[in-house]
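Look for subunit A in each of the two complexes below; its partner is subunit B in the first and subunit C in the second.
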Partner chain A sequence: MNLDWLDAFLIYGFFTIVVVSGLGLLLHLQLGLARIANFGVVGFFGIGMYSFGVLYVKVDWPFGDPWQFLVCIAAGTLAAGLSGVVVGWLVGDLNEDGVLVGTLGFATAVFILATTEKELTGGAQGMGGLQFPYDVGGVKANELLWLVITAAVVGGIVFYVWRVHRSPYGRLLVAVGSNEPLARSLGKPTFRTKLWLFAVTSAGMGLLGAMYGVMERFLRPTNLGVDITLAAMVALVLGGSARVWGAVVGVVLTVGFFDIIVQNYLPVPVEWYSQALPVMREALFGAALILVLMFRPFGILGDMRRDKLMRSLHGD
Partner chain B sequence: MTDPTATLTRPVIVVQNAVKSFSGRVVVDIAELTLGDVPIEGLIGPNGAGKTTLMRMVMHSTGLDRGTITLWPHGAVAGGGVVLSNLPSHRMAGHGVVKSNQVIMDFDKLTIWDSLLLAAAASKSERPHRIFDEPRVFAEASDEVARYLDEFGIREPSTYAKSAGEKKLLDILRCLLLKPKFLLLDEPTAGLPEELTAKVIDEVRTVASQGTAVVIVEHNLDVIWNLCDEVHFMAEGKVIMKGTPAEIRAHRTVVEKYLGEGHV
Partner chain C sequence: MSETATPILEVRGLRSGYGGVTVLKGLDMDVGNEVFAVLGANGAGKTTLLATLARLIPLQGGTIRFRGNEVSGLPAFETAGRGVGYVPQEKGVFADLSVFENLCVGGMIGQRDRDERMAEVFGLFPDLAALRTQLAGTLSGGESRMLACGRALMQDPKLLLLDEPTAGLSPLYVDMFFEKVREIRATRGVSIILAEQNATKALAVADRVMVLSLGEAFLTEETGSLTTEKLKQGYRI
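Right after this comes the complex of A and B.
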């Protein structure tokens, strides 16, 4: 397949949009519905990425790809889900500040482990040996196919989130976020609900981390910077944290604008790419967050509208 | 009043040596109290007597300093007691013990329909993978919810509860949808207009006649005198008097001392 027309940076830009959208959608279930401000998104992302990477590269499997790949990616997803249960158990009954510090601390711990456990992760030098579970002819074609597969996974996450809004489970999450003692008095096991929420969403974040690792092919602790959490958080709040499409709209406007428009189409001096652009990116995301909180606190799409949703589901 | 001699088996809640203090001040100190002997019991007393705290202790939304609270689902002598004071608060509804709230409690992001369906939904429908269960939950609960909406004149159930009265009513309706076996009502008529108060009282009578034990805390003593089969008078954390409404009212001096003149 001739893909000369396609810029490799463009594939990477769209891939980032897709992955951060997926993270933002999962964060939406936590923050938008259950009002749990998880600042450790990249921790779960990193657990998935490194669990997959270490298992794939370091373990001598009796079978090859695609089974080796699939088993390892499933294990990475599971490991992230289990870490979600542990973190959820630790922070589930804490207030907002406790959740913030606990999740941020977890992400920091994952970053430090990725750096210090050199035998497993290669430390700061990183770990190579990851590859796509297929070869359709050329790096660019493989990357494009991986982008499509990842987009399909994120499409699945969109569908799940969309359905959650229309299910008794979504109603329970909103209730837990709105008034937890009242939900408990109605017999709802709110702690267990949050634990399951952490398990499922963290597993999803881990799967996205593993998929991100495959695209990178070389895992470094610098992949686990706080910028990923911030991108997902800023995009979600910008788009509308309580709306299904909030994360996607927010990511397109932030990551899309910067990683595609600015980096590919604006005449930016070449020397800016390594140092100045990442800093400018964080500064612009931060400014966008401040502006949206000042002028449109519920985000571009606005607040949740259960009244409209209930009318559409069950009539007047 | 309901017929206290009705043969339905009602659950009983036994409070033993239950003490609760806040910042060193003893708010509840009850040696022995049995709730549920009659269909509808009233709990009255001055502000600060410990009525609401006692209700919250039964629900274990307020922990006990010491003592036990036990539910006997089939009456006091029937065995199979459940120590409520050892259970987390979310397990109470599963045992049929349900309480409405004194202060207004609502889910600000949920519509009226949402709020009532939440109460009616079984927990197996609320698991993360049950993303297609809404039609089933709606089909199972909608008739009963619609009956309440109609009976209590809620005209726009797809919107959010706005007034304090509407939120208070919603709180009671959620409790009824949980199919309580033991219903605790903490000032259910406070903030409700008169015609709704009458409807709530009718509904309480109905559930009591169907075998639910009801305990009601209420400052509107007309409600207590008309509705209850038995009344507990609380003061300073203790139940100081127990009897039929007529017997309590006969202790004019005690009641007036605590509640002020004109209440008997």
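Right after this comes the complex of A and C.
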């Protein structure tokens, strides 16, 4: 198979699309169903990334890869899930503003910890020593395989979200998001439902963070910029927060456009890559978010179509 | 109420309100296997009372016993789990869920087969059956009230709290709804607390009536012995 056309930039472009789609899908469960606006996505992403990285690099494991790798990635996922329970417990009963401030504050705390805990994380310099748990011959082949594995994980997330939409649990999430006081008189503990949602989605975000770290092979606090949260949020809002595919379509349109089309196929001056492009990227995402909220508040995929889903499932 | 040994609901010295404001100032009431109407002018505290009984508003004092057990300290979801169905005055449905899904979430608790319960609700409100795939947020006022009521019935409640189920509806709907209340009472034997402003309609379905005035029970009487004169006094203040 000739893979010459697939250069490192393109692999990274696709990888970013896949990871942000995954984050967007998990955010969809929080925001699209339960109406919890989590502005700290990158915090959970970072907990997973750094827990995995620190455990993998700094701990003397009695066994090698792939077990060391798998144990560490499971631990990173778990750590993110637990942080989700804590954050969920803290913000669970707050209103939208409280949730916004709480989750944003959490992400900032993670960023600061990653920067200041130099012993563990290498601080702003970053931390190397991460590697793929396999070697299939050459950097490109390894990265390509990691892209495929990550895509499979995100495929699993798509399937999970798809199932939640059709499950009593998903209905309860929408009920809680739609009318929380009323949901409390349904006979199910809504606070626990929200905690569980936070645990599962945060664990997923942490897993994606760890997988992102593996692809980078080098962890820096700059990996935890607000642009990750922004990209997931823009994608979700652009695609339509209430639809399963909204996040994926939104990511392809935003991250896909920028990280693949602009960076690979437009004749952009080389000196733009370090400074101008990242800034343009954030500006573009911000502008897209504002435009969508102004003109198509339900995203370009249209309004919520759960009634259509219901018709196909239970209609006559 | 004379026919029942222990009342299903015993309220003693109930105080409740919002923040520092006390709306209900020491209320006593017993509800048996009956339709118990709570009358009173706007702002008398009917909604506050029902929301407190549903445990959505914290108590400031007093006790609530439901089927012999103290429930004053329980969260709303446990009270619902024990058999209190609540239909609030406003926002009684989940706007983002379809009619079918609203009934599903209503039926998440309860022992009996869900489809069986749903068939009963559709039997009671045939209009809902035709709307089952429609989003609840797009229903008309009357349809929405029917769905709210159906949703609560899906829980197979022992006590149903109905907060002004006909407020703002057209006269046709109002008559239909009171007919439904009678039907629910006859077929399910569930105790009903019905908050109403429309005294005439409420008295026609209720066994007993309590008139709330400034957060206190002005009177509690059998419907038959209530005179217009007494009723007017309750409303006057």
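What we mean here is this: the second predicted complex is superposed on the first by the 311 of 316 C-alpha atoms of A that agree within 3 Å, B and C clash if a C-alpha of one lies under 4 Å from a C-alpha of the other, contacts with A are read in each partner's own complex, and residues count from 1 in each chain.
Convention: a contact is a pair of C-beta atoms (placed from the backbone, for glycine too) under 8 Å apart; a residue touches a chain by one contact, two chains touch by 3 or more.
Only a predicted model underlies this, so the values are computations on that prediction, with no experimental measurement involved.
Visitor: Subunit A superposed: clash or fit between subunit B and subunit C?
Guide: clash
Visitor: With both complexes overlaid on chain A, does A:197 touch subunit B (first), subunit C (second), both or neither?
Guide: First partner only.
Visitor: Can A:218 be said to touch subunit B (first), subunit C (second), both, or neither?
Guide: neither
Visitor: Is subunit A touched at more residues by subunit B or by subunit C?
Guide: B
Visitor: If we overlay the two complexes on their shared chain A, which of subunit B and subunit C does A:272 touch? Say first, second, both or neither.
Guide: In the superposed model, A:272 contacts neither subunit B nor subunit C.
Visitor: Using the touch definition from the top, say if A:186 reaches subunit B (first), subunit C (second), both or neither.
Guide: After superposing on A, A:186 lies in contact with both subunit B and subunit C.
Visitor: Touch check for A:168: first (subunit B), second (subunit C), both, or neither?
Guide: both
Visitor: Quick one: is A:177 in contact with subunit B, with subunit C, with both, or with neither? Answer first, second, both or neither.
Guide: both
Visitor: Taking the stated contact definition, name every residue in subunit A that is touched by subunit B in one complex and by subunit C in the other, in rising order.
Guide: Overlap of subunit B and subunit C footprints on subunit A: residues 168, 171-172, 174-175, 177-179, 181-190, 242, 304, 306-307, 310-311, 314.
Visitor: So in the complex, which bits of subunit A are touching subunit B?
Guide: The touching residues are 160, 163-164, 166-169, 171-172, 174-175, 177-179, 181-190, 193, 196-197, 200, 242, 304, 306-307, 310-311, 313-314, 316.
Visitor: Can you list the subunit A residues touching subunit C in their complex?
Guide: Listed in rising order, the residues of subunit A that touch subunit C are 168, 171-172, 174-175, 177-179, 181-190, 242, 304, 306-307, 310-311, 314-315.
Visitor: For subunit C, which residues are in contact with subunit A within the complex?
Guide: By the definition above, subunit C touches subunit A via 54-56, 75-81, 84, 86, 88, 91-98, 100-101, 104-106, 108-109, 132-135, 155.
Visitor: Sort out for me which residues of subunit B touch subunit A in the complex.
Guide: Where subunit B meets subunit A, its residues are 59, 61, 88-94, 98-99, 101, 105-111, 113-114, 117-119, 121, 123, 125-128, 130-134, 137-138, 142, 158-160, 174, 178.
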